[in-house]
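You will see two complexes here that share chain A, one where it goes with chain B and one where it goes with chain C.
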Partner chain A sequence: MWPTFAAPGLIWLVLLFLVPFYAILSVAMGTLDPIFGAAVPEWNPLRWDATSFAEVMNSTTLQVFGRTCAYVAIAGILSLFIGYPVAYFISRHGGRFKTTLLVLLIAPFWISYLMRMLAWVNLLQDDGYVNRVLMFLQILDRPKSWLAGESLTVVLGLVYGYIPFLILPLYAALDRIDRRLLEAARDLGASPLKTFLSVTLPLSRQGMIAGSVIILLPMFGDYYTPDLLSGSPGNTMTGNQIAFYLQAPSGANRGAALVILLSAAVSVLMIYYLITVARAAREAQ
Partner chain B sequence: MSGAAGAGQTAPPRRHAEWLANPWGRPRFLALFSWLYIVWSIVPVLIAIQFSFNAGRSRSTWQGFSFRWYTSDPDLSVLHNPALRAAMTQSVKLALLTMLIATPIGVGLAIGLARWRGRASTAGNLLMLFPLVTPELVLGSALFLVIVFLYTSVHLGTWAQLLGHITFSISYVVIVVRGRLFAVGKEYEEAAMDLGASPREALRLVLLPMLAPAIFASLMIVFAISIDDFVISSFLAGGAESQTVPMLIYSSARAAPNPSLNAVATLMLLLSMTAIVLGILMHRRLAGGDGQKGAVESFARLEI
Partner chain C sequence: MAHPRERPASYGWMKRRDFLRSSAAAVSAAGFLASCGADNKSSGSLVKVATPDNPSTLQISDDNPPIDSNMEPEAGPLKIFNWNDYLWPKVAKDFGKEYGVDFEISTFYNMSEAVAKMRTGQVDYDLFFPTPDVLPKLVAGSLLQPLNHDYIPNLEANVWPELADPFYDQNAHYTVPYMVYSTGIAWRKDMVDEDIGARSNPYDVFWDSRYSGRIGIYDDYREAIGMVLTRNGISDVNTGSSKALALVEDQLKEMADKVKIRTTIDGAYAKLPEGQFAVHQSWSGDIIAAPYYMPGDDYGDPDGVLQFWWPEGKGIVGNDTVAIPKGAKNPVLAHHFLNFLLANKNALKNFSWVGYQPPVNAMNPATLVKDGYVVPNLESAILERKALDSDKQLLALPANIDQKWQNVWSNFKSGV
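Here is the complex of A and B:
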């Protein structure tokens, strides 16, 4: 009886998750139709042809991938430095505001990412609130074009977009720490800083790694944030390149090859995340 | 802690030293930082909502309150602009259908995988987790290519989008329902069967009612993630008729000449928030015993 229950879901995932991955491989290893110039997938692995990989491995791709890594790394580190104190405060000192703070912390989860970017597009207009506030404070003497190809805008956009997904697992990890351990450390003469460094920080390491992985993965696949907040070719990420290739009928081979290269690059993160989720599921059982 | 030692040497007020030494005291800097973070994360969205009520065309200068961009403008308001209305209909239609199809499939998968022991079920568990860890761009490209090159009878457009939305929603349903399954345990079903119920009756009369809060929460969560989705909808879109609201925001945020885009985004936000609040409230009522905090926190942990 139980396999019957699981069957529709499993069949669905095989047909619409596993098979599509095979399709990426077949398209990437496929050829171009010599007459129409359109991609032709090669379903037989014995006849796979890796030409598309060689085609996409050019200096532009490497440069864009380098930029993607830099953006993602800076945004990830910034998110951790902003997120840790917030998660720490809510778990340890939330007090009677704890539920309110949690609700406010979760709210961005359920607001469309695109709506949140739209909000910043409004604020960062030449005559928008950001420029007006900065000019009022005499930090700027004339409006700055934030949306005309600034790396800073894109990186801060990534931080704004993904940081809620980091804070929650971090909060969960910090909230699980047994307070008696902290009291014991204090009783044994450790200073507050020493207690933090040698008890809280190591015990929240798992949460920090898990939270970072959760935000790094979608950041690597992002193309809409640079499109919305910059639009300049100087700020494109690997995701933009993939979206660009896949839009043209003749680019599908190269687009698929880039998807595979990107997946390979982030596979360590994916496997780590998979192990964490599987372990959490086993513990819940 | 050099800071505290240094402060001690320069003889600060006693109160200050105690404050530093007390591990359970309220650290004011952290409090300020956290509240600033909350303001930073919420206020831009509130300002975007405010501008949806702007009387003028500007999205950066406030010109007075009106419902112009919702109803009264004869051509450009959400009510009268066919493109905005079509995008809203498409988003809501996809979210409702996804919710109605993905939830039963996911509930079945969760029950099946939790009760069925064997190698196949371990593999099934792993397969179910994969969509959660795959970047949406990768899943979107994979579905796009399979529909263009293999499942050619499904055309890009609403059907393709629906298949894509259901694919990424199933895993969320499994995670939510499985949490409740483990919390309930097997004892109730076993008791029912000891008292003469068939396995089928035990499932229908005992287990399913106990899973009701999780099933309802799943419906609401699937609705909310589907209505907010951008990447999958965008990769699997066909013509203009399959444009959803997030896609509309993507294509016209930079060029949008007036706040009607903010208005349509605000309406969608209202829909997904309503779904989530309903989900939390019903979960709290049906699950019983769990306090408000419990419900909020379990929703908070859900998306990891």
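Here is the complex of A and C:
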């Protein structure tokens, strides 16, 4: 009786995850239509042909993946440094404005990612408001070409795009911390800094990890941020490479192979997350 | 009062003529057969690569005949499947008024996507706008219907003879030509201190670090590689030579390093007029439309800021086509629409909004500027009929060569 309650979830998982994943694998292992160059998936695993994996496993792919990892890592760390104080402030000092602050934080993200990035394209132009403000504040003495293939712009774009999804779980984790633990730490003579470092920070670790995983995974597959904010080959990420293959005539097999490889790589991250969650659960018992 | 060419500010980064011709060069059936050892020229093969020197007749099969003459047009609605912003809706409206029918325009971003959609057989468009290199595939896949020329007298009466009977579709069995264009370099006089066209080799501008970050090329492997080949004086812009392509790859990478080159689709017609670029590779039709993307007081380019150069006689030209899908519900109406598009008056009207030039006799380069269709500073973007003979075209590539081109492009695009 009870196991049947898992049925909706199971159907969901099979229909929306396993079947599409198998389809991608079948495309990667399949062939091409000789006339139109479109992907012909090979559903029978006995006839799978891994040539396209060999074709995409080269030094170029690895170097682009290295660049992607660097962008994502820097963006992830920046997001933590920016997101943590925000989440901390709202949970500790938000008071009765907590909900309002959270809503305000999320409000811009009701607008589609694409529209927000296009808005940044306008703001970041040579004569855009970003340059004007920076020049007014005398931080810059002449306009910086933010959109001219700058890695910095792409990384900041990633941070901007995903940071609320880090702040929310982090806020939840910080808000859950029992205030009495903090009071106890102070009573026992810990300084505010010491309290933060030995009580708050460790207790919010799960929130930090959960939030980071939530933003890092989509960052790995992102391709429109570098597309819109740079468009220069020097900022190509793995997501761009996938889009490139899938849009190129007769590149579908290779695009699908790269999707599988990227999934394998990021699932390492996911596994690490699951292990830490399991460990935390054990410790809590 | 809106100018006829006025259109909403476009987030065109994925719109319009995305991958104009390139994606269309999908591993062609012709190429596939060629790489299997079939001879391009053998008439027995399914399809073949057409070139101006080796023209191709698209066969009409018995089970897919053209419609009969003298039939009454259907009641519509006329369903049009086209690039975005590539037909003035006013022109379609005029046609609708004349024939008492409604019309629907569906759009696609690139030719691969369009062909994939056509292939599903689940669409019933009456008109489709393919590029010449996909025609063999479309005909081999029986996706188009042959034309009955009785309905299209304007094809013979108005269209440049080279294109009324084009090399890629001899006797115009399946298509009428739609637009012609050249590929050159566009720049802004107010952001560039030189006359790029006066350089000994104007293409060198794409390697000039002075323009770093403000210069772009099309996100189109055929146009980009074709440009580098032309820069190096390699006249075969469809070459399969590994040596030539290795040279191209080196130079493309050098370009990426030196000027942080950006690849775009809307760079020439939208971002250059907006000031995001100082220099951009440009199709003639893009730059002719560009003045109407200039913001504020610069709308219409009153100061003559925009400039265009292309190596007439040694450059790259191309054209695209209109065809009627086999599954069209309104084939007679569609034939009438083709004739309507090729009427001088309508062709000019459409040109005034689209910016791309229909190859009809009324397109008189001498009067287009005077009559206000093209701003004076962009007169060089007007394509003359003789260019179709003297200049080169990017043709469908055999699969193995196409793969080489794509590898060059993918290595360049990965930026390593």
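Criterion: the second predicted complex is superposed on the first by the 240 of 285 C-alpha atoms of A that agree within 3 Å, B and C clash if a C-alpha of one lies under 4 Å from a C-alpha of the other, contacts with A are read in each partner's own complex, and residues count from 1 in each chain.
The criterion applied here is as follows: a residue touches a chain if its C-beta (ideal position, glycine included) is under 8 Å from a C-beta of that chain, and two chains touch if they have at least 3 such contacts.
No experiment lies behind these values; they were computed from the predicted model shown.
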{"item": "First (chain B), second (chain C), both or neither touched by A:Gly189", "value": "neither"}
{"item": "Contacts of A:Ile35 with chain B and chain C, given as first, second, both or neither", "value": "second"}
{"item": "Touched partner set for A:Leu13, first chain B, second chain C, both or neither", "value": "first"}
{"item": "Partner chain(s) touched by A:Gly231 [first = chain B, second = chain C, both, neither]", "value": "both"}
{"item": "Partner chain in contact with A:Gln125 - chain B first, chain C second, else both or neither", "value": "both"}
{"item": "Greater chain A contact set [chain C / chain B]", "value": "B"}
{"item": "Chain B and chain C footprints on chain A, overlapping residues", "value": "118, 125, 127, 147, 227-228, 231"}
{"item": "Touching residues (chain side chain B, partner chain A) in the complex", "value": "1, 3-4, 20-21, 23, 26-27, 30-31, 33-34, 37-38, 40-42, 44-45, 47-48, 51, 58-61, 105-106, 108-109, 111-113, 115-116, 120-121, 124-139, 141-146, 148-150, 163-164, 166-167, 170, 174, 178-179, 182, 199-200, 224, 227-228, 230-231, 235, 245-246, 249-250, 253-254, 261-262, 265, 268-269, 272-273, 276, 292-293, 296-297, 299-301, 303-304"}
{"item": "Partner chain B, residues of chain A touching it in the complex", "value": "1-10, 12-14, 16-21, 23-24, 26-27, 39, 41, 82, 85-86, 88-90, 93, 95, 98-99, 101-123, 125, 127-129, 147, 160, 163-165, 168-169, 171-172, 182-183, 186, 191-195, 210, 214, 217-218, 220-224, 227-228, 231, 239, 242-243, 246, 252, 255-256, 259, 262-263, 266, 270, 273-274, 277-278, 281, 284-285"}
{"item": "For the chain A and chain C complex, residues of the former touching the latter", "value": "32, 34-38, 59-61, 63-64, 67, 118, 125-127, 145, 147-149, 227-228, 230-236, 240-241, 244-245, 247-251"}
{"item": "Interfacial residue positions of chain C with respect to chain A in the complex", "value": "11, 13, 19, 22-29, 32, 46, 110, 112, 115-116, 119, 137, 140-141, 212-214, 216, 219, 221, 256-257, 260-264, 274-276, 399, 402, 406, 410-416"}
